[in-house]
Amino acid sequence: MGDLERLPVAIVGASGYGGVQLVRLLLEHPLVEIAYLGGSGSVGQTFADLYPHLSHRISLPIEDCEPEAIAQRAKVVFLSLPNGLAANLAPRLLAKGCKVLDLSADYRFRDLNTYEAWYKGEPRRDRDLASKAVYGLPELYHNRIAEADLVGCPGCYPTASLLALLPLLKQGLIDLNSIIIDAKSGTSGGGRQPPKTNLLLAEADSSLSAYGITNHRHTPEIEQICSEVAGHEVLVQFTPHLIPMVRGILATVYARMRDPGLTKDDLRTIYKSFYRSSKWVKISPNGVYPQTKWACGTNLCYIGLEVDPRTGRVIVVSAIDNLMKGQASQALQCLNIMMGWEETTGLPQLAFYP
Amino acid sequence: MGDLERLPVAIVGASGYGGVQLVRLLLEHPLVEIAYLGGSGSVGQTFADLYPHLSHRISLPIEDCEPEAIAQRAKVVFLSLPNGLAANLAPRLLAKGCKVLDLSADYRFRDLNTYEAWYKGEPRRDRDLASKAVYGLPELYHNRIAEADLVGCPGCYPTASLLALLPLLKQGLIDLNSIIIDAKSGTSGGGRQPPKTNLLLAEADSSLSAYGITNHRHTPEIEQICSEVAGHEVLVQFTPHLIPMVRGILATVYARMRDPGLTKDDLRTIYKSFYRSSKWVKISPNGVYPQTKWACGTNLCYIGLEVDPRTGRVIVVSAIDNLMKGQASQALQCLNIMMGWEETTGLPQLAFYP
Amino acid sequence: MGDLERLPVAIVGASGYGGVQLVRLLLEHPLVEIAYLGGSGSVGQTFADLYPHLSHRISLPIEDCEPEAIAQRAKVVFLSLPNGLAANLAPRLLAKGCKVLDLSADYRFRDLNTYEAWYKGEPRRDRDLASKAVYGLPELYHNRIAEADLVGCPGCYPTASLLALLPLLKQGLIDLNSIIIDAKSGTSGGGRQPPKTNLLLAEADSSLSAYGITNHRHTPEIEQICSEVAGHEVLVQFTPHLIPMVRGILATVYARMRDPGLTKDDLRTIYKSFYRSSKWVKISPNGVYPQTKWACGTNLCYIGLEVDPRTGRVIVVSAIDNLMKGQASQALQCLNIMMGWEETTGLPQLAFYP
Amino acid sequence: MGDLERLPVAIVGASGYGGVQLVRLLLEHPLVEIAYLGGSGSVGQTFADLYPHLSHRISLPIEDCEPEAIAQRAKVVFLSLPNGLAANLAPRLLAKGCKVLDLSADYRFRDLNTYEAWYKGEPRRDRDLASKAVYGLPELYHNRIAEADLVGCPGCYPTASLLALLPLLKQGLIDLNSIIIDAKSGTSGGGRQPPKTNLLLAEADSSLSAYGITNHRHTPEIEQICSEVAGHEVLVQFTPHLIPMVRGILATVYARMRDPGLTKDDLRTIYKSFYRSSKWVKISPNGVYPQTKWACGTNLCYIGLEVDPRTGRVIVVSAIDNLMKGQASQALQCLNIMMGWEETTGLPQLAFYP
């Protein structure tokens, strides 16, 4: 298949960490070509000015975000912008026939009241569109994604948390009021521009802290999907932590089992069954707990399982790369599904170690 | 006060990380002098061979652990040995009139059945002695420590966890079956000798994982003290994690409130009151959560508090230096109390930042 | 091309960091299959026991290193063993018709007197073989590698150092007595087994030191190649440093220019010309100096250039991944050349960032 | 001595990393009290707002930098401001009778032409004052510092570099054209405000690069002092590198020996003799090279020595804490000398390890 036949795609918000992952992934994807890089502060620079190590592979400039121009050059658009901006661009891109994958929070909520309550900002006028957008978690919504024109790609924490929780919720195994998600993330989740004091190496290295306790914006996103899968409203206790490393999320999930006789082996069987057709979720052997590094640079999610007969709780540990399965490669996984391609096309499957 | 009048102390197990903290602290303590350094694998070397950066301040050799010899030279002995060894040495040192502070798990349990169930090894023959040893958490047992000849110094995780939990338990504020402790530690807690593969920088850096889920040995230690304070048996869910940094523990503690109307301000008042005479516990202002780095190199514990009215839970975050308040400086705090000295003597109070 | 037609290869010494890179790379290489994993301490375990994150892709056991058995199953053998062991295995494997790529120092020296002087150990009996082995630096010895049956793959520091120095030496631009190489490496270069105290995260993190000053074993290896290229004997000052990170080498190379009028632009022209047919060496733009992270997980070497008219020196900075271009992926690059395949086949070309 | 008799000091520029070190050190110094904290962007906040972990020890606000007000409250002023600002404040503070210790580059140069050539900015009008300022390196200028009213405190790199070089220069042991300083620093040297992209943990962690090759501003500062000590003009090759850690500088210094027969033992004798009255410089034993971590949080400089008979060079490695001996604690050392106090008063002498 020649380059002329490749699918032309645009990345809007290419200068950030989400953008540079997408550029890297799409450069290696056999069926697409990058046709357009959009930005704001970096317009006029080339991508190689921002990321010199990729200069031998890409020489595109960063351009203004004009939906007209984008739609003329690209059939699919990845939006990797701060929250609130996709809501302006997506409707116009869709109207011009583009498919849109949005990596912000704008199209993750079926009910925009929830979005507005947690994200503040101006009232949204695209309620219809938002209600039709598909939540881009392929392990749960593969078929809907295949039909979608607009995908709201999940947040990094929700991806790790939901993959750990879904089999429990689907099978009705846990007390819905007992879910606690203690999540830990590398600092790349905080983005590149504008730089923030607390993300300086001098501040964040050799240290550890919680943040956003009780009010992190990924809470309602997790709850929305949990509630849908459980068939009841679910509230979760979600606490994120900043870890002195670049990449990776580990979610340690606690819940009380409804049947205290459930064993670790039962649990492994249930998880393996739930994810039997999911190529990107790996259930660890008995007694093995995943390291975030295993998933680094890949689209994989590793899950470890434990049951505590003393306390009647299940503990599930899930590890992903926050910028990959938690962001860019998951969006590409969705694209593969939307285009009817093999779901694994162009997606890294093996981490380097150590 | 001249050097001749200083209290002569011995450190047995001086070559490890606990030992080198003690050496560093005792060199700066105005009322003690180091009279004896004991070890096993490093006997014959000087302390400066092991830690060249201290060679300008200490030139003692590492000697065999002979209780006779130790008792002739020292009035107080710090035991910083692998679990199971103090049980042999402590009785003989006490018999010769030494006071003993043990940094291992050997004397942390009033009921040695619990110790034997979790630590395995040979049956203990020092049940009487163990039952009289005082648990060296000064914020809880100040008066008992003042009278003690044998102190079982707390583990690092229990120190962080208990300081976060004590006011809740004392005041009966939480459902005793709801306690979850998600703890995170730097890798120095794993010790120096023999080196372990999973603690190599190449393995542990840029990564994160849980370990010892449901069965870490610090669990029964936490439960013993919680149960005593609460007046009922308490089981806790304790999950430790290995963090890519050298020092520091953060314990994120979750529990369900018995009175859902309790506010964050109430909680702060209760904690400040509980710790009003404790110089080493600092309650963070509203909305501020501690970083482990704040406590680094000090005997301090910083505590942050949050209440979630949505879920009815309290979330407490405590930060300590695992090798200081979690180990060596807490032992020195106990010594100060045992000797009737000002509790803060010789203990570092201010971290460097960043 | 089906799996049956893939080239069967063996990795001896698969459990170390060199081995796991090779496994990872070969699993993704379209023209080979892994037919044999050999080890010593880990015999009887599966590779997945050692590296659980790869268990979904490889289930081979670690087997004893029997040349007979290896040669029956593999046509090419990668030896990734401690120095001194390949000298026993390689002759027997070659005798049975295997091609051998050795990642140790055993076949890097044409003159084994030099090897014996710097590496000690027993006298070598394979002088003829050693003199015929090809030094596996494709940017210099492409044609010889294409003809070789036995390749002595370069050390990590020599790879970074030589790629920085070769154009200067080839063109006779520098005073041969003036070369200083100040090199910095991540700790993965120190290996996994047996774990060493100074490579523990608790020791090596947040710190920095030099080691092996004046006597590191990579010195004569660098000098051998420099001397051959320069046509005169060259002595270099080589100083390695241990950096608190997992992967990456940066070599900062200083030399006095013979023509003080040489400019930065001249230099860039010379380097670009020298490396015009080398796909893996990238010369940075004016004023841009490479980060090691750019090369991470790839076979690339990035080079930055500077001229100091004040002092008459050239300063060259080269960045590689010590485990890839400095070890495993360079060996695979050699294999591609030996087999007549496209030199870039199966080799990672783009790092993830950040 | 009661608090009323303590020397009142001001810190102008208290919000940065230099400021917070000074605050920490001065809080523990037995003879001073902090009377004034000045800033610009943070005026109106308290110091505890900026650094909550110190809130139990200091409650001063950050105030505007009014020389009048400062001089009324303080007898000594530490200026910890960006380059170019001290030149405005110092003359006015001195005129009001304050002693001034400036941590910027403004008063490090006797000849302001050099300053203006390397630092750009507006022409300076305080040439007389600058020529009388004393360079605050106590190991070299102890007596001048004792008499000074205005001290220009050395840069971090110059401190490490000069302490490594001084004995060689003083004794005329090296070829003055042969000096190469390959220096490595943690990222805290880049400051806290405004945060810079390249200092984000996500950018700087797990990576390594050189910067400012041939043109870093610390070059002329090093050359000025080297030239004065050598009695001839000295040009040095200075290359700084950014290391993925918070604190610490390692300078690896190379020079060609004038007498190739000089031995390592000779060198150690010369260094020990040169620094015999310097309490803060420690010469490592034979074969031991310092780690930066040894100096962390102290005013110490550790020096390791090596001679290479093959190349005729000496290699000296020096390790300091860039924010302490490289900045704040060295300023305090100067204050001790200026006030006639014991030079070690209030200065940390022992690092924690690991």
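A, B, C and D are the chain letters, set down in written order, and residue numbers restart from 1 in every chain.
Just so we're on the same page, a contact is a pair of C-beta atoms (placed from the backbone, for glycine too) under 8 Å apart; a residue touches a chain by one contact, two chains touch by 3 or more.
The model shown is predicted, which means the values in this text are computed figures rather than measured ones.
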Of all the other chains, whose mean CA position lies farthest from chain D? A
Counting C-beta pairs in contact for A-B and for B-D, the higher total belongs to A-B
Find the geometric centre of each of chain A and chain B from their Cα atoms only, then give the gap between the two centres in Å, rounded to an integer. 39
If you average the Cα atoms of chain A and of chain D to get two centres, how far apart are those centres in Å? 45
Any idea how many Å lie between the Cα centroids of chain B and chain D? 36
Please set out, as single numbers or ranges, the residues of chain B touching at least two other chains. 17, 186, 188, 192, 200, 202-203, 205-206, 244-247, 290-291, 293, 354
Mind pulling up the chain A residues that touch chain C in the complex? 17, 20-21, 24, 27-28, 51-57, 188, 192, 205-206, 246-247, 282, 284-285, 288, 290-291, 293-295, 297, 302, 323, 349-354
Touching residues on chain D, where the partner in the complex is chain A: 17, 186-188, 190, 192-197, 199-206, 244-246
Interfacial residue positions of chain B with respect to chain A in the complex: 177, 180, 182, 184, 186, 200, 202-203, 205-211, 213-214, 235-237, 239, 241, 243-248, 250, 252, 254, 289-293, 296, 304, 306-308, 310-311, 313, 315, 317, 319, 354
